[in-house]
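Take this structure first; my questions come after.
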Amino acid sequence: MFQTVTSALDWLGIIAFTATGALVASRKQMDVVGFVVLGTVTGIGGGTLRDVLLGLPVFWIREPAYLITCALSSVLVFFAAHSPESRYRNLLWLDAIGLALFAVIGAEKAVHAGADSTVAVAMGVITATFGGIVRDLLGGESPVILSREIYASAALAGAVVFVVLTAVGTPRELAVGTGFAIGLLIRAAALRYGWSLPRYRQRPSRPGDPPL
Amino acid sequence: MFQTVTSALDWLGIIAFTATGALVASRKQMDVVGFVVLGTVTGIGGGTLRDVLLGLPVFWIREPAYLITCALSSVLVFFAAHSPESRYRNLLWLDAIGLALFAVIGAEKAVHAGADSTVAVAMGVITATFGGIVRDLLGGESPVILSREIYASAALAGAVVFVVLTAVGTPRELAVGTGFAIGLLIRAAALRYGWSLPRYRQRPSRPGDPPL
Amino acid sequence: MFQTVTSALDWLGIIAFTATGALVASRKQMDVVGFVVLGTVTGIGGGTLRDVLLGLPVFWIREPAYLITCALSSVLVFFAAHSPESRYRNLLWLDAIGLALFAVIGAEKAVHAGADSTVAVAMGVITATFGGIVRDLLGGESPVILSREIYASAALAGAVVFVVLTAVGTPRELAVGTGFAIGLLIRAAALRYGWSLPRYRQRPSRPGDPPL
């Protein structure tokens, strides 16, 4: 039962991220192979790095259904993405869903592999953000991880909530669901209300300071 | 016999890609160590990612001859690349040869490691394109994978042809040769005649549409 | 005893690189989570790639103290980096220390894992430069590895010295210390006196040459 739930969420996250990659491809007016490449890399990137770092077999190597799903989703966007007025907003919201899902699933897989809590949280953040980083680098977009609004922090919060709940013995379905909900709510609020954390500020310069 | 053929093609691909990396270094007027670093990373990048993803030992770790060959080829370009009139064209043609070779060799190594056909095709595309992606990111060039002309599609075609021929029982030498020839012909035609696939187009906007 | 020395140097290198990542975050005025992400990625990036390529377990997966140290160092910079007049210079000097340390430690870990001398030198250069490459890509900085002054060459020199001394039977503490000192001296001289290697130059064009 639990396997089914996380597996369904995993697929949902992969499809959401694949769609964001394909939407970046549409912004760059790529051809259909470009959609498939950028969509697939975004969809499987985070989980791939997670598995390599944990020393596990990479999840899509033994199960071609992942690649086929990514390719088909990308082709679908190629033919269906014709609603320019909402494309960038769709991208950000799909990215938010993928971010919150992968933060929890990445942490869960690390816990399952016997990793320590700190490492599990880091793995959640890595899984949640890496696909989008590669997407933005390859697509020549300004990296969403550097955006002014809360982004990596939402993944961090979701992963921390999941790991803490798991550590105190919460049933996994509940821990997964709560972590996901917290991560998504924080990122959604950041998108909608422009939430951000205090940023680093230089001390105001005083007369007599050496030049920067 | 077959091992000898693929091994020779592998070396040829590595040298071709190394030369493209060194040519990018020459465009950036780097020093000789910059040539060696960029050349080597480009030459071994695709195969390295392929081996890490497949869970195989990285091919150059146990065999220093690869690194030495990459370094020497890069140094050679440093002293011999003085034909500016054709440098960028040479880069593109060497890249085409490396692309077609690595598409087939990457797929072949995946099939050999027991991977499914879809995964083998993906591994061909990854092996063929990753070295060039890193080269262009590090060298600050516009990524050739985003170019208007057919690029990743040529690697995809070569890998598909190899995998299909192998699946129907074609002798490996023939499957390798045909896949390589198809990939190279497509990329060469794209370079020479500007072939490209239809690109994503926005639906023409109509009066009353919301702004983008 | 030797383990203690290299382990202490390893920690020092990680903290130095983490601080450079956090300083880039301060230049981009990120929030505290951005400091932690960029600092940590820079601090552990080189060693992570080294371990993945060598097929070893990634060093920070079983030992959460690494991540915690990186996070705390980054937070410290967030609250303490208020000396703008020297920030970029500090970054370059910390980077120089990390570079020289990781060149030797990366080569040492490869030798310890049974790698050949050439591979060990390559692994030193990779370990020394990869964290900074990722830092500059993610932070949108001009990559320090492409700087005009000697950079990768200093790591190369330090790794070569260590590997040669080890091959001729020098006690490890001495080999580590000498390799580190050579690497740091070369990079320091490059920073202070603008040392650089001869760069690739095009042959001066002659009348009748075709246009570039």
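Lettered A, B and C in written order, each chain numbered from 1.
Going forward, a contact is a pair of C-beta atoms (placed from the backbone, for glycine too) under 8 Å apart; a residue touches a chain by one contact, two chains touch by 3 or more.
Keep in mind it's a predicted model, so treat the numbers as computed, not measured.
*Asks:* Counting one step per pair of touching chains, how few steps separate chain B from chain C?
*Replies:* Graph distance in the chain contact network comes out at 1.
*Asks:* In degrees and to the nearest 5, what turn takes the CA positions of chain A onto those of chain B?
*Replies:* The best-fit rotation has an angle of 120 degrees.
*Asks:* List the centre-to-centre spacing of chain A and chain C in whole Å, with centres computed as mean CA coordinates.
*Replies:* Once rounded, the distance between the two centres reads 28 Å.
*Asks:* Going by the contact rule already set, what residues in chain C reach two or more other chains?
*Replies:* 52, 137
*Asks:* Report the residues of chain C in contact with chain B in the complex, numbered from low to high.
*Replies:* Against chain B, the touching part of chain C is residues 52-55, 115-119, 122, 125, 129, 133, 137, 143, 145-146, 150, 152-153, 156, 196-203, 205, 209-212.
*Asks:* Of all residues in chain C, which touch chain A in the complex?
*Replies:* The touching residues are 25-26, 28-35, 37, 40, 48, 52, 57-58, 60-62, 64, 67-68, 78, 81-82, 84-85, 137-140.
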